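A short worksheet on the structure shown next.
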C-alpha cells in the first residue's frame, strides 16, 4: 500500500517527471515561435506570389508547392540539417586549410574547424524556424487566397487617393486581407500545434520524448502485476518492481 | 538527428582553473542502466558518468556530459558534436574502422538471452523466434548476421523499449548485454529469466574517440590506467554492478 | 550523379512500404468515413454524439501520438488477449498496426469532408426523391450519395495525398522488423552514414512527389468519370490545397 502511494507520489516528486512537465515549455515555445515564423513566411510567400515580376512569382509558387508536396516530417528533418551544413560549408570555404581537409576523417564537415556546434536552445530555434517554413507554405496559400478576396474597389480607392504601390500593399491590402485569412490561418495553427509532436525526432527533449522514455519501464510493472495476479498472491511482489 | 540534445546536460566542471582548457564533451545515451541513465533528479547518472568524472579529474580535463540517441551516436562523434563516447559501447572490428577506442573500462562480458519465465526455446536449432534487440548494438549485429534467416529480428531504439516489449510478450527473447539484463532479471522476481547460451561477442567496453584525437586518447588511457591501478575502477564497478569484479586489481 | 541513381535504387523497395500503408488505409478509411459522416448527421443523439467525439478526438490529436498510444495499448493487451488467441505477432506488427492507426485517423478527416458534402447536397434533390416515393435507402443510394461523392471528391483527393504523406512517420513511432524500412527511415539512415543531407532527402522527396502526382492523376480520372454527365466536364484543380 505504501509502495503504491510512493509510486503515485513519484509523479509529483521525481526529477524525471518534473523534467517532463518542464519540457512542456519547449513544445509551447516551438508552437508559438513556429507560428510567428509561419505567418511571416506566409506573408512573404504570398507577397512573392502576388508580385508583378515573374521570377519572384515563380519563387513564391515553388516555395509553397514544393514544401506542401512533400511530407511535413521530411522537410522538418531536412531543414535544420541542411541549414547547418550550408553554414558549415560556407565557413569551410573561408577557413579550412588543405591540410585540415586532408586530416578530416569524417564525411562532414569538410574540416574540424568548420564544425558549428549547436546547443539545445539554438537547435530548438532551428526546429521552430523549420516548423515555420513548412507551415508558412500552407499560410502562403491561405494568405494568397485572402489577398485575392479583398474587393478590388478598396484597392482602387486607395490608389485614387494617390497612395504608392507599397502604401496600398501595407496600408490597405494586407490589413483588409486578415478578415479573409483568419479562418484558414486558424487551420494552419492547428496543424502546426499537432506537428510540434515531431520535435522529439530532432532529439529535442520535448513532452513526447520524455513520455516515451518514462513510459517504457511501466510495462515491467505491468508484468509484475499480471504475474502477481496470475500466481494468486495478493501483496508480495509488486514492491520489487519499483526500482526500475 | 544530428545534434546532441537533452536539456538535462550535467556540466561537470572539474579541474582547477589554471589547468582548465577546452571542455571535453562526453556523449552518453542516458537509457542504458547501470552504465548510464537519467536519474531521478533528471541528470545523467551511472557507472560511466562516475568513471568519466573520475578520469577527467585525474587527467585534469574539464568535462561535460551530453545525451545523444544511440543510433546516431557514432556519426555525431565524427561530425565533431562531442569528443568522447561513453555509452556502454563495445570495441568491435567494425567500429574500429571508423573510430578509435581508449583502453577498456568494462571487461568483455557475455551477451545473454532473456525471456519470460516458462518460455521453451530450442537454442540448438533456433528458428521462428522473435528476437528483440536494440538497433545498432553488437547484439543487433550478431542477430542480423547469424539469426535473421530463420527468425524475426525486431529492433528498438532503446533497450528499455525492448524490455517493455518482452514484458508484454511482443518478442520471445531479448538479446542484450549480460550486465544490462542482470538487474532486470533480479528485479522481476522470477517472471523474467535467462535462457539459452551465453554468447561472447564484445571485446570489452571502452570510450570511443575520433581517430585523429591521439592526444586525448593518450590522456584518457593514462588516467584510466592510474584509476585501474589504485582500485577506483573496480570500486565504481562494484558500486553499480552487483557482484561484479574486481577485474583490474593488480 | 552516381549517388543519385544509387539512392533511387536503394529507396525503390522502401517506397513500397509507404504505398502499402496508403493502399490498405485508403479503401478501409473510406468505408469507415461514410458511416462516421452519416453518424455525425444522424438525428439519433447517441450515435451523433459518439461520431462527433470520435472525429474530434482523431482530428484534434497528432497522428504521431496516436501511433504511440495504439502501440502501447496493443502491447499492454498482448498477454491478456493477442497471445492466447495466437495473433500476437500479427497484431503488433507495424504492417498491421500502422495501417490500423492510419485508417482510424484518415476516417475522421474524411468523415468531416463527407459530412460537409452531405450538408451541401441540394435540399431540392432530396425533396424530389421523396416526392417520387423513394424509401430512405433508395434516396441515399440514388440521390444523396452521388451528389455527396461528387461534391467531396476534390477535397477527398487532398486527404488521400495527405494520408500518403502521413505514412512517413509510421516507422518513427513503431519498431522496425528485420529490414523492413520505409522511405524516411532509409533516408535518415543514409544521412547518418555520410551526412549528404541534400542528396538523400531530395531523393526521398522526389519519391513522395512522384507518388503524390500519380494519386492526383488517378483521382482526377475518377473525378472526370464521376462528372461524365456534365457537358463541360470540370477539371480537377491542378493546384491542390493539400490542407487537412
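The letters A, B and C name the chains in turn, as written, and every chain counts its residues from 1.
Note that in this section contacts are C-beta pairs under 8 Å (C-beta built on N, C-alpha and C of every residue); 3 or more make two chains touch, one makes a residue touch a chain.
The shown structure was predicted, so the numbers you read here are calculated from the model rather than taken from an experiment.
The chain occupying the central position, as judged from C-alpha centroids, is A. Of the two chain pairs examined here, A-B and A-C, the one linked by more C-beta pairs in contact is A-B. The chain with its C-alpha centre at the largest distance from the centre of chain B is C. Work out the mean CA point of chain B and of chain C, and you get 41 Å between them. Inter-chain spacing, taken between the CA centroids of chain A and chain B, is 31 Å.
Mean C-alpha position of chain A lies 23 Å from that of chain C. Those residues of chain A in touch with two or more other chains are numbered 77, 81, 106-108, 201, 212, 215, 219, 222-223.
Contact of a single residue of chain B with at least two other chains is seen at positions 1-2, 72, 79, 161, 164-165, 168. Under the contact definition stated at the top, the residues of chain C that touch 2 or more other chains are 75-76, 79, 188, 191, 193, 195.
Taken in their complex, chain C has these residues touching chain B: 75-76, 78-79, 82-83, 88-89, 92, 175-178, 188, 191-193, 195. Residue ranges of chain B in contact with chain A, taken from their complex: 1-9, 31, 33, 38-43, 68-69, 72, 78-81, 98, 116, 158, 160-161, 163-165, 167-168, 183-184, 187-192, 210-212. Every residue of chain A that touches chain C in the complex is listed here, in rising order: 65-66, 68-75, 77-78, 81-82, 85, 106-108, 138, 141, 184, 187-188, 190-191, 194-198, 201, 208, 211-212, 215, 219, 222-223, 226. Residue ranges of chain A in contact with chain B, taken from their complex: 14-16, 18-19, 22-23, 26, 77, 80-81, 84, 103, 105-109, 112, 115, 117-118, 120, 123, 201-205, 212-213, 215-220, 222-224, 227, 237, 240-241, 243-244.
Against chain C, in their complex, chain B makes its touches with residues 1-2, 71-72, 75, 79, 130, 135, 148, 152-157, 161, 164-165, 168-170.
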